[in-house]
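One structure is given here, and the rest of the page talks about it.
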Amino acid sequence: MGKDRLEFFSDGVFAIAITLLVLEINIPTHEDLHHAGGLYNYLLHIWPSYLSYIMSFFVIGVYWSNHHHLFSFIIKKTDHMFNLINVFFLMTIAFLPFTTAILSEYVLDESSHNAAVTIFCIGYFLPIPMVLIILLYAKYKKRLIDPKLTSAFMKKQIIKIVISMTFMAVATAFSFQYPVVSMCMIIGSFALYFLPPDMPQYTEDN
Amino acid sequence: MGKDRLEFFSDGVFAIAITLLVLEINIPTHEDLHHAGGLYNYLLHIWPSYLSYIMSFFVIGVYWSNHHHLFSFIIKKTDHMFNLINVFFLMTIAFLPFTTAILSEYVLDESSHNAAVTIFCIGYFLPIPMVLIILLYAKYKKRLIDPKLTSAFMKKQIIKIVISMTFMAVATAFSFQYPVVSMCMIIGSFALYFLPPDMPQYTEDN
Amino acid sequence: MGKDRLEFFSDGVFAIAITLLVLEINIPTHEDLHHAGGLYNYLLHIWPSYLSYIMSFFVIGVYWSNHHHLFSFIIKKTDHMFNLINVFFLMTIAFLPFTTAILSEYVLDESSHNAAVTIFCIGYFLPIPMVLIILLYAKYKKRLIDPKLTSAFMKKQIIKIVISMTFMAVATAFSFQYPVVSMCMIIGSFALYFLPPDMPQYTEDN
Amino acid sequence: MGKDRLEFFSDGVFAIAITLLVLEINIPTHEDLHHAGGLYNYLLHIWPSYLSYIMSFFVIGVYWSNHHHLFSFIIKKTDHMFNLINVFFLMTIAFLPFTTAILSEYVLDESSHNAAVTIFCIGYFLPIPMVLIILLYAKYKKRLIDPKLTSAFMKKQIIKIVISMTFMAVATAFSFQYPVVSMCMIIGSFALYFLPPDMPQYTEDN
């Protein structure tokens, strides 16, 4: 079964989830303006909403870019179960506007900011194990991957995902007590994403 | 008339309907947090929303996967009336965020949970007769299906759909008095969807 | 300039506009349920919302199907101005969730139902002159249409659009005093859409 | 790495952002109607919402059309960093429903209209430097652009973008004191977009 419609459908979900983020930036009521002291003040005052928007847009954008890379170089076809696994992966992507909204609303609220960062960390974490399952399922007996890729290359991909997962699990754990540490870890992780992903390595007999 | 744009448009509707589900998970107000006893408690407290999200995401994902399978192996072209029938099918898919929101909001409300499960069952039921109409219309005089498919294969597809329809009609009927039974039937039906759909069978003279 | 991305972008707007319609069906609050006398009653009580949903889904679906037909058989390429004209056409399509919401909310309100039907008629009317402009622009010196189409065929298409426009203008005019007449005209017009569009006719020297 | 999925994903974001604009036109409550003096009056009264809708739809449509042109004639492939840059560009596009909503809500409010126009100008401005970065990144050592394009052509494109950026920066500056001037500049700039973009010029040895 060709993977065109799978990519197509996934791109749709990515595009919608990323664009829905803007709906989480609240349009002020007249009362909000009164509290903030005018619209200019209000627009400056809601900087956590902009920050959440930028961070989440970047996160979804990076997951999209990795999905793109995965399906360009590694995954070559699909089957019924793989479609469903991809649906579960997309479920974790489409969940991100919710965690973003919570972060944006409560990151500055003293009694809630731990929980706000925790849920954001969980939202950022969840797609990673799904990517791992995607890769392990596709790699098993090389059923869906490009058979010419070297084992070393595939192994490296999996190790990288396990490291990311561990990293985000640690960030999540910190958020219960030290949300600032978690936020620094997340922003630090963004820097790594500017590095290009590994180019595929092929076996010699190709 | 080629079926590319039909698949394209359908994938768009599927992708949007599935991603809109997240908007039905409510962002708490400060008052909600006060009632729930903090953001951590609130986030645990709204588990029916997560469950509805997961169930509906899975349902739409499965319908997408089946639509994908149908148009990969069975339907080979389209015509004006078929486009309209597909629009009516998509109408039932795009309706699911509504039934999901009702379920998520009222499944734990004692005076409303029957009705919440009924509407969710109806939402889950409605696309099935539409798939049946799609298949019957396309199969009539083999006008839109792959002509090499065996009659036995096509017959089996239709029987499976009629069984699904009956199953969901029964689940809907139960919901008026025993919503728990309906929910168990729905979740039970999910297990079946992990089985791959039938591979197409072709006539010998191909 | 190829028309692939134009179709692509248009399909996206159609798919989103049609799927957003469901957001106009209100999720009841506990107070709404109290007023309506329970969730079952509420769900029956909001039948105008379902009707508006079905009507608007059908309207957008039909415009999509016609756009599909137009770009399959008549329009063969695009240019900068044509892209912009298509953007204005899509502007009228994306407006329909608004007019649908108004209809669904106020069609049963005695003091507002005329206006609700008027705005719905206007929403239904607006895309038609845009299709006319699309066709006239593309047809001028045959710059974007299939040059092998006969003049008689093109003329017939334009006459049909002018008739539709007149019909909907009359329905809109009636809505100010007789909204029921307008609604009957709209529903009547749906029946016509089940007829297939004209098959293209080509000149002999092809 | 092929640019198909990049265009695909971008078209999705454009289509969603442009269609979400309609959600910013408020559905009136019964109280709103009471204030406005009936639904007909309300619908006339909210003309700034329609105007914002039309303006923003046009703005996003024009950015889409330019993106289309850019990827048809200039950009020929993509890489990891370019994907991320495009994500940042889309971030500025998906932000536009927010600035549109602010404009539509507060353009007639005496104490807020300056700020409303300022944020709208900023929203209109932000994508332009991103397009500049896209072009500069792709042009560097001709790594992603069509190598046959003349330097003069590429230079002209960049100059045009710098002029647009300056123009919108000036419009933004005016908005703090003279929002009417800014609005005139924006509407004036629309006229320029009806001009077709430059046709690509190729070096002779092609």
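Some points to look at:
Letters are used for the chains, namely A, B, C and D, taken in the order the chains are written, and counting of residues starts over at 1 for each.
FYI, contacts are C-beta pairs under 8 Å (C-beta built on N, C-alpha and C of every residue); 3 or more make two chains touch, one makes a residue touch a chain.
Computed from a predicted model, the values in this text were never measured in an experiment.
Taken over every residue number at the interface, the positions common to chain B and chain C amount to under half, indicating a different-residue contact. Rotation angle for the C-alpha superposition of chain A on chain B: 90 degrees, rounded in steps of 5.
Relative to chain B, the chain whose mean Cα position lies farthest away is D.
Here the spacing of chain A and chain D, counted between their Cα centres, is 26 Å.
Chain B and chain D have Cα centroids separated by 37 Å. Within chain B, the positions touching two or more other chains are listed as 8, 12, 15-16, 20, 23. Interface residues of chain A, counted against chain D in their complex, comprise 7-8, 11-12, 14-16, 18-23, 25, 27-28, 30, 33, 38-40, 43, 53-54, 57-58, 61-62, 64-65, 68-69, 71-72, 193-194, 196-197.
Residue ranges on chain D touching chain A, taken from their complex, read 1-2, 5-6, 8-9, 12-13, 15-17, 20, 23-24, 79-81, 83-84, 87-88, 90-91, 94-95, 97-98, 101-102, 105-106, 109, 111-112, 114-116, 118-119.
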